[in-house]
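Provided herewith is a single structure, encoded as structure tokens, for subsequent inquiry.
We just call them A, B, C, D, E and F in the order they show up, numbering each chain from 1.
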Amino acid sequence: MKITVYRKAHFNAAHRLHEPNLTEKENEALFGKCNNPYYHGHNYELIVGVTGEVDPKTGYLIDMKVLADLIKAEVEDYMDHKNLNEQVAEFKTLNPTAEHIAYVIWNRLRVKLNTSFNLKVTLYETPRNFVEYCGE
Amino acid sequence: MKITVYRKAHFNAAHRLHEPNLTEKENEALFGKCNNPYYHGHNYELIVGVTGEVDPKTGYLIDMKVLADLIKAEVEDYMDHKNLNEQVAEFKTLNPTAEHIAYVIWNRLRVKLNTSFNLKVTLYETPRNFVEYCGE
Amino acid sequence: MKITVYRKAHFNAAHRLHEPNLTEKENEALFGKCNNPYYHGHNYELIVGVTGEVDPKTGYLIDMKVLADLIKAEVEDYMDHKNLNEQVAEFKTLNPTAEHIAYVIWNRLRVKLNTSFNLKVTLYETPRNFVEYCGE
Amino acid sequence: MKITVYRKAHFNAAHRLHEPNLTEKENEALFGKCNNPYYHGHNYELIVGVTGEVDPKTGYLIDMKVLADLIKAEVEDYMDHKNLNEQVAEFKTLNPTAEHIAYVIWNRLRVKLNTSFNLKVTLYETPRNFVEYCGE
Amino acid sequence: MKITVYRKAHFNAAHRLHEPNLTEKENEALFGKCNNPYYHGHNYELIVGVTGEVDPKTGYLIDMKVLADLIKAEVEDYMDHKNLNEQVAEFKTLNPTAEHIAYVIWNRLRVKLNTSFNLKVTLYETPRNFVEYCGE
Amino acid sequence: MKITVYRKAHFNAAHRLHEPNLTEKENEALFGKCNNPYYHGHNYELIVGVTGEVDPKTGYLIDMKVLADLIKAEVEDYMDHKNLNEQVAEFKTLNPTAEHIAYVIWNRLRVKLNTSFNLKVTLYETPRNFVEYCGE
């Protein structure tokens, strides 16, 4: 019996969209007000989906408390109330678009999860803009 | 033209997580406060997705009223305001985790639906925890 | 400068509507399926509103972390994953309707809050049914 | 790196469910109160999902502003505050069920999007009824 | 013990904003695309709040089922899937703005409720526009 | 006939909680991770409520488009994608707590609104924390 379990989480962070390999002019043209050098910020809403076989002994795919604690350690404690560009290692060289943040979160969780599970990450940057990444 | 139509429903129920084949100690260690012998409960939110071909005569995949009535008969009338462990036959021997409740709902609906349709069930146990089952 | 700050919280619990001073027949007639002797349950969503003067030294009415911790201690830790009728002292003799649960929560928080603040409690029993109590 | 980005939009419109090739009696039997000749209406909520490769130069799959402007031009400006049966060309001969509206929106967006992208459209007719179409 | 209980409901309807005492030109200038003679429509979300004393015998202010049935009879059955301008008596001579619809709903419910209760009506025309009326 | 109309809006901004009249140590003790000198950010959701008499000529309290444009000019264009501490004049000397942001928004809107209207501002800093200010 194959199932997907989902857990929601959230964190608040500042960022600016800025691609280090481009000039200031190109960055401003590409990212507009999202390129503001003083930063802006978001309440990021995160949904983590884990797919696999239900354990017949417990009726759980994965203990939700274990999954919630993993998300807390790898994402919330790591990114919440941070400036992504300045204070999160992965974004020193990577533009913190929603696409790239989802990619970083997926990779941080992937290495901590049993390899028998598939992993999907949905990240809301605003209630109207969101992205989904599953490692393909 | 292949499409998926979704219908939301909800029901309120009591349950405790308790695996009959394990000892009390093991149950308590595995399920913590969810193992409370006096039960706790949830507002379960359910999304039923049905995939198939649109009927060119009507422009419907399935009449939403028919689908809503089916969910009412098979899920809402059967589980709403019930104690899942004590009053729902399937959970006499099956631990009522979200995974297993989704599995039971999927099976109850599957036998009533035209075999040309695919079926997916999403069940929210809380706004932060949910599962998805599609019969694989 | 007078303002109201709000904090949301939630807890899951089982209950049955049952008025100890009435007969079984009367209880069943009054409360229907909510009187189920095996209990049912809800995800209770709680909004606590505190009104008062903003502290000019901090720009806070009350530190949200202090308010969140108070709600956790007095409501979440006290009622979450409990059977309200059987395991929460106030409902040994009080029918746990949404009205009465809001009343109990309001009283538990009131005694812990500075008397210069006004207090309002909004309690969602389901997404469609909710109550509001402000101690009048 | 393959990802899906989503953008939400909405529009308000009147419609009636009415299949031109059927008799009035058949229409009434099939569509009930949705066949009301004076029309009724909805706040349609739309989620457009675009799947493809992230541009390594920008960290974007597609500029959300470009996607939002496309949805505005092709869907919102075209359908908002309109009577779908009377004022939207595609529904002169096509019954405006949620299934068909999603199909029309998908086709309007498909021709404007780079062919390297996949496209998925989710359309909420009410908070409880919605459909998903991805062009298969 | 004074409390407010709330019940949510919803209905779908078509309307156009059109003030019968004004000319076509004035109507178009005032109401823009909301004046479309072919109508548009909304999913109206309604919250009905009733304030009064809790009945010590039951722990209820009012039985939610009674309140839900009243809203169904007076609002949902009366307005759902209707054209407000053409098929709802009150709007033959009254422009169906959100303000006026809330006013009509309040009056329809007021005459059916015990005079010891206060009544408040909140009506969402869209998720971003809503009005509140309490009979003052 | 007295009514309240509400309009929702939103903006994204960076900020840090920092009271200029206190030492770094005191700021850190008071505001914890919200005092991060590199800033963090939020999706602020705003609800503006305007109370007054409905204009019998139009059936409107205030044209929602006029209200939406006012909020856009005074709040969204002014604060969206900004660093509140560094780029919004009012917060050069005022700690940008939710309480103070609501106060600033209320004052910016108040001077532009007809004095016959009452004004209420609700500001969500996160989905769980929000404040309400009405100028008292």
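Definition applied: a residue touches a chain if its C-beta (ideal position, glycine included) is under 8 Å from a C-beta of that chain, and two chains touch if they have at least 3 such contacts.
In this text, all values refer to a predicted model and were calculated from it rather than measured experimentally.
J.: Can you check whether chain C and chain E touch via the same residue numbers (shared by over half) or via different ones?
T.: Under half of the interface numbering overlaps between copies: different.
J.: Tell me, please, which of B-C, B-D or D-E gives a repeat of the E-F interface, judged by over half of the contact pairs matching in residue number.
T.: B-D
J.: Centroid of chain B to centroid of chain E, CA atoms only: how many Å?
T.: 34
J.: Centroid of chain C to centroid of chain F, CA atoms only: how many Å?
T.: Going by mean C-alpha positions, chain C sits 29 Å from chain F.
J.: Among the residues of chain F, pick out those that touch two or more other chains and give their numbers.
T.: Where chain F meets two or more other chains at a single residue, that happens at 127.
J.: If we use the touch criterion from the header, which chain pairs count as touching?
T.: Applying the touch rule to all chain pairs gives A-B, A-D, A-F, B-C, B-D, C-E, C-F, D-E, E-F.
J.: Which part of chain A faces chain D closely enough to touch in the complex?
T.: Interface residues on the chain A side: 17, 19, 21-22, 30, 32, 94-100, 102-103, 127-133, 136.
J.: Which positions of chain B touch chain D when the two form their complex?
T.: Residues in contact with chain D: 1-9, 49, 54, 57-61, 63-65.
J.: Considering the complex alone, what residue numbers of chain E touch chain D?
T.: Answer in residue numbers: 10, 12-15, 33-34, 36, 38-43, 80-83, 86-87, 126-127.
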